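Below is one structure. I have some questions about it.
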Amino acid sequence: MAMAFASIISSKFSYSCAILKSQTKQLIRYSSYKSSQFLEDVETNRKYDITRDPDEWNSVERILPPTTVPEPIKKKSYPSGWKPSAVNLNHMSYYIERTKNHMLPVYLKLCARGTRRHTLVRKVKGDIFEMEKQLLKFLQKESFKPIRSQVNEFAGYIRMNGDFVNATKFWLEQKHF
Amino acid sequence: MSKTTDKALNLMRHLPRVCLANIRDNPGSGKKRSRGRAQHGGDYHGAGNKGSGQRQNFMRLGYETGNNPFYLRFPWEPYYRGHHLRRQYPPLSMLDLQKLIDTNRIDTSKPIDLVAIMNTGLYRLFPDQRQFGVQLTDEGADIFCAKINLEVQWANELVIAAVEKAGGVISTAYYDPHSLQAMVNVKKFFERGVPIPRRMMPPPDAMEYYSDPSKRGYLADPEKISEERLVLAQKFGYSLPKIEDDPNYEMLVEKKDPRQIFYGLHPGWIVNLKDKVILKPQDEELLRYYAS
Amino acid sequence: MSCKYEKEEGNNPKPVPKGPENFRLHSAASNLSDNVKSVMEPRTIMYPPKYQKLSQVWLENLDTIDEKKLGLLELHPTVFATNPRIDLIHQNARWQTLYRYVSYAHTKMRFEVAGGGRKPWPQKGLGRARHGSIRSPLFKGGGVIHGPRSPTPHFYMLPFYTRILGLTSTLSVKFAQDDLHVVENLEIPTEEPSYLEELVKSRNWGPSVLFVNVEDIMPRNITVATDVFKHFNLMPVYGLNVYSMLKHDTLVLTRAAVDHIENKIMQHLHKNDTRSVMAKYKVDQA
């Protein structure tokens, strides 16, 4: 009797195990990505010819972008109106450094939803107050009101109230910066 | 050295050592908790009490308090039909192009295409926003004097005349969005390690433009293009420089295949930047695909 | 702790600063005397400054306890003598402590505090204030409103060029305060810790020293010698950061490390494509 009971239990147990096994194998939970199969490498037997031809590599390098901004080449004239900085400015007591894109660092700053316009001259080295004096003397001719300006000596910038970007650039180009 | 930098560094020499315990941000650079203004100490944010001022429920833009609003009076504007599906060509002026050439951002000794313009880092293109390449606009056409082999996606008559008057060659070429995506950032594309795609033919509505010799389309007959060059020179009244006698003749006539994206590289090739090798497909099937 | 004022001034190779009144722009490397030129070590400088003097630093040795000057090195002023922006240094140091900091301070809200489901007393009739739960934030032992919740990450990204300028500012400050030394390499003759201790003491290098090399596999002797000291640390150049430079009193760079730092910073300052580094930082970017 006891033997028979045990055999019933064991058979039931093995049956339930089989159900569990089959369940775990077929368990698909569509709401989760975890039940999906891992992607196996698809075997490709495409043949590729590996070349190290320097001529062909040249055409690759030709289309790759440069890592740093290239230096401008000296030319007789620049039709676009861009001018390089003068070769020697040792006589000046101040100096405006070009940006890394070789442009003059003069910007128009708009604030208060475009109603307030400021001209910002950055990267001023040397005697910034002397430069401010000379620049304002030049710009004052175009303005009725006295131009308000602010100098930050440590950061090396001059900020003026009003849009004088083109006039300032013109003045700086006259001075060969 | 800058005078102020000099001053500041000299000051540093006489000050105690800068360390984690004695640095601070500029005074006033932090964000204040509230605006701290007027009666309510900033907790009303200047909006006052009650009503549309406080609740910010202003009338919607264009609402005319009960009238039939102006923007709804004319409900049908057929000239805008499908404008969101049209191809866009973001502009680049000839003045900008000349400035790029003057500052050595673009090398004129090689043919200039979209890749060369994108590599300057000063022009932006988003192929996924239906932008299909450069439109060269005529601002600065009067000062333009670079002898170049140029390939853009859209150009008007004046631009074509300005380039050809300077002794250069211009063509307009179509690139499908997949090819453009490879061209806007070449390095990133090569790093993906996928084959260079083949360029698709223009869609039917662009076919006419890109096979028109007067637009210098890349699918037009070359003989008709040279005829059109003469016609344009007569129309604008300049003598056409002979590119056959030019020392850079080879460069000026270099052209891409209509299936090709990059100069010197064929579709289907894979470029490995790390090992500096190029993988070329050998399979018949692939060769047939990329040749078609 | 700082022994700045006892330092010998003779070690300092920096030129006497000019007064502001006779300030003029200088051409680089124009007014060097001949005997200075003879000790100049050859060095190529990327993007040499047009109107600034190059900074100069002595090349020192580590193979004897007594200091020997092996030559003079020229440094780019944009990297080693730029504006000492203390605010940027502070922002970098703050960022370095905060981006990895996660606050685990935690308070319970009213639904998390145990109990409080029952209405404590009837709404009306008792003459007491009306309440629905003894865990309401008005009650002692109740939930906390707007309290700290765990985990709170404090991660943020500092803008790329703030990080670059933080490095140049810190290097400039270290150089100006005579806390930056350049050596040929990190080879020392013995692995005895006492040798290095003696060397640092005799040269007044302050208690804590950061040695920076280009390769991350350091010479054996200095690795063993610095192992017992917590205030002598070795660092490869790719790990150089503002916080560590500030934490150590003295920064010792090898000559190759100086080249590496300078080239990398100058390349970043003249980068063609800055959009990739200046784009908004995305946490899940590949």
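Here are a few things to note about the model shown:
First chain written, first letter: the chains are A, B and C, and each begins at residue 1.
The definition used in the following text is that a residue touches a chain if its C-beta (ideal position, glycine included) is under 8 Å from a C-beta of that chain, and two chains touch if they have at least 3 such contacts.
Not measured: the values here are computed from a predicted model.
With centres taken as mean C-alpha coordinates, the chain found closest to the middle of all protein C-alpha atoms is A.
Among the pairs A-B and A-C, the greater number of C-beta contacts is found at A-B.
Averaged C-alpha coordinates give centres for chain B and chain C that are 39 Å from one another. Between the Cα centres of chain A and chain B there is a gap of 15 Å. Each chain gets a centre from the mean of its Cα atoms; for chain A and chain C, those two points are 24 Å apart. Annotation for chain A: residues 65-66, 69, 125-127, 154 touch two or more other chains.
Contact of a single residue of chain C with at least two other chains is seen at positions 23, 26, 52, 83, 272-273.
Of all residues in chain B, those touching 2 or more other chains are 1-4, 8, 119, 121, listed in ascending order.
Those residues of chain C that touch chain A in the shared complex are 23-27, 51-52, 83, 267, 269-273. Those residues of chain B lying in contact with chain C across their complex are 1-10, 12-13, 15-20, 23-26, 29, 119-121.
Put simply, chain A touches chain B in their complex at residues 46-53, 56-60, 62-66, 69-73, 75, 78-82, 101-102, 125-128, 153-154, 156.
Within the complex formed with chain C, the residues of chain A that make contact are 65-69, 88-90, 92-93, 95, 100, 125-127, 154-155. The touching residues of chain C, counted against chain B in their complex, run 2, 4, 17-18, 20, 23, 26, 52-53, 77, 81-84, 86-87, 89-91, 93-94, 170, 172-174, 176-179, 206, 243, 246-247, 249, 272-275.
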